[in-house]
Amino acid sequence: MTETCPPRRRWRLPQGAAPAIALVPAALITLVCFYLFIGWTFAISLTDSRLLPNWEFIGLEQYRRLFASSRWWTALENLGLYAVLFIGGCTLLGYLLAILIDRGVRAEGVYRTIFMLPLSMSFVVTGIIWQWMLNPGLGIQQAVRGLGFEEFAFNWLVRADRAIFTVALAGIWQQVGLCMALFLAGLRGIDPNIWKAARVDGIPTWRVYLDIVTPMLKATFFTSTILLFSLAVKSFDLVVALTGGGPGFSSDLPARFVMEHILTRQELGLGAAGAFVMLCTIAAVVAPYLYLQNRRGAA
Amino acid sequence: MQRVRLEAVRKSYGPTTVLEEISLDIEPGEFLVLLGPSGCGKSTLLNIVAGLEDASGGRLLFGDRDVTRLPPDERDIAMVFQSYALYPTMTVRKNIGFGLKMRGEPAALVEERVREVAALLQIGHLLDRRPSQLSGGQQQRVAIGRALVRRPSVFLLDEPLSNLDAKLRADMRVELKRLHAESRRTTLYVTHDQVEAMTLATRIVVLEKGRIQQCDRPEVVYARPANRFVASFVGAPTMNFVEGRLEAAGDHAALRAGDGLIPLPGLAPAPGLKVGEPIVLGFRPEHVATASAGETGTVPGRVLMSEPTGPDLYVLFGLAGQTITARLPPGTDLPPQAAVPLRLDGAAASLFRPADGQRLN
Amino acid sequence: MNAMRRGALYLMLTVAALAVLFPLLVMLSTSLKPLDEVTNGSLFALPQDPTLDAWRKAWGSACISGQCSGLSVWFANSFAIVIPALFGSLALGAITGYALSLRSSRWSDLLFAALLIGLFIPPQVTLYPMIVLVREMGLFGSLPGLVFVHLVWGLAFVTLLFRNFFLSVPRDLLKSARVDGAGFLATFWYVLLPLSLPVAAVALVLQFTYIWNDFLLGLTFAGPGRQPVTVALNTLAGSQFGAQEHNVNMAATVIAALPTILVYFLSGRLFVRGIAAGAVKG
Amino acid sequence: MYAPRKSRPIARPALAAALACWLSGVAAAQQAPARPVEVMHWLTSGGESAALSVIRDAFLARGGAWRDAPVPGGSGARSAAINRILGGKPPAVFLFSLGSQLDELAGHGLVATVPGDTAAWDAVLPPMVAKASKHQGRYVAAPLAIHGENWMFFNPAVLREAGVEVPRTWPEFVEAGRKIKAAGKVPIALGGQPWQERILFNAVLLGVGGREFYLKVYGQLDPAAIQSDTMLEVFRIVSELRGFVDEGSPGRRWNQATAMLMRGQAAFQFMGDWAKGDITAAGLEPGREIGCAFAPAEETAYIMVVDAWAYTNSDDPGTRAGQRLFTEVAMDPAVQAALNQRKGSIPVRTDVAPDGFDACARHAMEVIRDPATHLVSTGLFGLPGGVSGAIDDAISQFWNDGRLTPEQGRALFRDSVLAFQ
């Protein structure tokens, strides 16, 4: 072991060039497909475009019309309510299921697979199934009444003040498995010594979850919230399939409002204004996440 | 066998300077240890030598070759990481051979060299396992094997033993020393463990705050630390320090500390210093001895606490208003609070300037 | 006491599992009923006279778009779309995530932050400019065009997963690879990619579901004759007009969902591990 | 990869076969287009699909090559067509609705003038349909069929049971509805989707206000008419009807509502004539087991909904020839008769004999001989989609919120029109 191998000089890129080159496609897509498109949407929202884009600028007129529309406000309120219910429900149930599974059950794989099964369904299919289940004349209400409980009422699907809750219910059903998987993964990552220490200290199990484990899973809560939020914002096919935005437009969501105005109402300008407001709202909610992402990365 | 020369190598991240103008000559075949506390810049320096980080200024020469701008794999080096950094998805065989494969060596040669190294490190039976199936010590051997197989002209080791338990660490130390003795490759070794530094190094570079504090043979660093930092960092238990003023006491010097006078037999009365000058006296625990009552050149101490370690007995004394440690032969009977006359070996004492901690004698 | 607690545990899990499964079982049971049982019986009644007729019809003989050969002929289209779109999207996301995880300049963090907005843009809302872009690329109405669109809308999510995972890989491993002479791509290919298997599984499963279930993009960009099975499913079951054969619709729905269901079954354990490795470390 | 197969000749009823034979004889001189003509449409359900196959079979018989591009749902198909046009690879022919969307497409030059000879169309198409099919005086669409929207289907057995006659005015209807409800049946089977609610509303609007009033409201958006007492009366009647639907109405599809009628659960349904397709498919005959009548009204009128074929520009002579052939086939009286019988609608040509049509259709064909009866749905008046959409919103909001008074309903309607002017 005395001779040395003379290193051969190879042609290569300067330091840092390779990652930069690898990022070119992503950078182009981000620039063009995300930001240029958002810019385009904004530009269109300043025009009186009907069915097709045109460039006759009319200032903020579309925004005035947008915010004068009670339907738009309903849609915005619904998004808030839906997001809270959907994210809260998924998180709570998903966490609970993950805890139950993590208690060391046999046939864990079976339960896990069952809980994740709805994830494989599209939102459209989810909407159709739940429309059946929740229809007062066909589904659960009818079935329970058939058992002799004549007074039983579960008619949220057709109640203007409750329809959005059914949308959240179907959404939770579909996505709870993702939350469960996220939390299960988080729980698996917790140092078993924590549990030993808590046992030695005689802390009841539920307290350990509440006071020790939950704070440790902060990152998981964070990630799942962001993922669910992105789904909530985008999940308008579910509303279309489940309630069609009804009764009336009581369960409308901004994405559906936008789509309907662009596609069927010849209101591209108004729809674009709605889309832009929607994206701004999202950006306001997400910006703190981006900030934290970056800061954490820098630490 | 490669000479490594650092010329005024600097490193800063924005306004933070990590390394200030480091210049160093490493002789061919030398085993140079970079020693220092965490954050002193030693790992950064090693990374710069490896080419994993760019220096902000200065030059780096391997022999006559300026390698300052070369990527790591063109520098003809190999590196062992503290975490071993074994590729988790590759078998031991592939881990060791990966560098050669990347270099484009033919598969047969790779295989042969891997076997050779595995035999040398006695890990031949582990070649088809994955890192996760190995013990800590075995992983360490694989990491070293991965470096050896490349037959580099310069060997870089970044705290390679700190993840091992005490017994294994001692074994591996011997092993490393043997390997170096056989291969005589220029080696740069980063550690914060002064025992490793003392046992392995041909020369030690003590780093602190991005500066070289001292660069010398281990025994010199130990016996004649260049400043108070080196003195306190090297040696365990650490060196005793007593502040005071220099005085002459007959044929030898003494230290006036508080209301006590500490005679330093063996140290010239004024070793190039003025009497009355404020100094910090440093002496190692083994340079304190008990004396019998009435002997001259002693200072009275009071026993505070005893710590028998087996081969030695460490005793804490109150002395001239300060606390010092003495290393005494085991079995010395010293009840607590007993007053004992102590003799310091002035010949082995170090004197430091209080203002900047530089050695004076 | 302990046995009781375990009993309660299993009880809760089983109740939850049944609640989750129930709608799917209703679907399945409906698909096994003859039409008159569907029309006249209760939704929740078990099939009195189970039959696979509806399945056979949905698979092989239902009339869609003027040809009466059921969903079977449409599956090939979906696979032709899913496979390149899936692997393209994974490859792009993985390499982007890797490059971003090196954080070699402050621009890479900025790009990552900028890129995450892609998670939140509903693809339908920017359909027009996308059509124009794909047209200008000369890819409208072709398979590469559709694959490109799927790449775009999958980019943010897949990149997020991979970047977060690669960030969690010890830096020493990358340094070691550099010392061993592995360049940017070699490090990725030999060291990181094999490590990222669980994360890749998560990305694969979720992207597969998303692309397979997509209807609008396939309809718009695929071009005539190449439309995915979801278009056929919608044609069959989504019509507002005419008498509905609910049993056939449900059978068709289940058939169209089978590949995704299968993917979930197969990925099982890897999926949770992958999430542990990637997503959580957000 | 899936490649569209040549449609195998499928055994069809004798009529279609005979028709095809006859047409192929006529087309002997015609040069066969080589290029397949892609036809985008939303005719996917049983009856519609059968109707379309009348055109397809005839088209194939005359040497055309057909590439089918169905997209379920009218609005989905319309936007799919627009997207394909924007993408630069448009279908040669696509089904569209007459109205301002088509007009805008034509204004952008995105649809071609109908290829072939359209000189005779003015004489045979109802004037309102002809007008809506034109852009700047030239035909840009070939109408497919005339559907009527103001039909009232009823189950005679339920009516008998409750002891009511078919009502001829809205007050009579309200009276009848109360009796039916008392008899334990659902008076109106309604699918609670905005467009179905609009059909019901428009039936009341026409019935209470009359033809003139309907034209003023929808044709001119006349503020005086919209704020009139007549309008208030319309909303008053509609508010009375709220109590006549069952709980499960919201979100229900129209054919589920039709099924309620057929099963004897409900007495009436206000729906377009396409409902006959479902009735026939259930083995019942429209006009016998399930009665059909115009919705209660003082003046007889027919609210027409017309879908039409539009054509995209093409430089390819083969495609153009195919488009021309398609027009000839689609407007052929024999094809018109056969396809409308299957679709439940009536021919767009007034010169087609009523033989072979069911009683309801014959009645409609009889009625529209008088052009004064011609009315059209909101879209056909050329109202921008935004306005008709906002009107739908107002109607739907009023219908679904029982707390809203007729005065508030009228105000909602007015505001929705004003907001978009």
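Order of writing sets the chain letters: A, B, C and D. Residues in each chain are counted from 1.
The rule is short, and it goes like this: a contact is a pair of C-beta atoms (placed from the backbone, for glycine too) under 8 Å apart; a residue touches a chain by one contact, two chains touch by 3 or more.
This one's a predicted model, so the numbers in the text were calculated from it and none came from an experiment.
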* To do: Please indicate which chain is farthest from subunit A, where distance is taken between mean Cα coordinates of the chains.
  => B
* Structure fact -> When B-C and A-D are ranked by contacting C-beta pairs, first place goes to A-D
* Asked: Using CA atom averages as chain centres, what separation in Å is found between subunit B and subunit D?
  -> 91
* Determine the centre-to-centre distance between subunit B and subunit C, using the mean Cα coordinates as centres, and give it in whole Å. => 57
* If you average the Cα atoms of subunit A and of subunit D to get two centres, how far apart are those centres in Å? -> 38
* To do: Would you mind pulling out the distance in Å between where the CA atoms of subunit A average out and where those of subunit C do?
  => 15
* Indicate the residues of subunit A shared as contacts by at least two other chains. => 12, 138
* For subunit B, what residues touch not just one other chain but two or more? -> 71, 73, 103
* To do: Could you tell me which residues belong to subunit D and also touch two or more other chains?
  => 86
* To do: Provide the residue numbers of subunit C that touch subunit B in the complex, in ascending order.
  => 170, 172-173, 175-182, 186, 190-191, 194-195
* Going by the contact rule at the top, pick out the subunit B residues touching subunit C in the complex. => 47, 50-52, 71-73, 77-79, 81-85, 87-90, 98-99, 102-103, 146
* Residues of subunit C touching subunit A in the complex -> 9-10, 12-13, 16-17, 20-21, 23-24, 26-27, 42-44, 92, 95-96, 98-100, 102-105, 108-109, 111-126, 128-130, 133, 151-152, 155, 159, 167, 183-185, 209, 213, 215, 230, 234, 237-238, 253, 257, 260-261, 263-265, 268-269, 271-273, 275-276, 279-282
* Would you pull the subunit D residues touching subunit A in the complex into a rising list? => 75, 78-79, 82, 86, 100-101, 104-105, 108, 110, 192-194, 246-252, 384-386, 388-389, 393, 396-397, 399-401, 419-420
* Structure fact -> Contacts from subunit A onto subunit C in the complex sit at residues 12-13, 16, 18-20, 22-23, 25-27, 29-30, 32-38, 40-41, 53, 93, 97, 100-101, 103, 105, 109, 111-125, 128-130, 132-133, 138-139, 142-143, 146, 173, 176-177, 181-182, 184-186, 188-189, 219-220, 222-223, 226-227, 229-230, 233-234, 236, 255, 258-259, 262, 268, 275, 278-279, 282-283, 286, 289-290, 293-294, 297-298
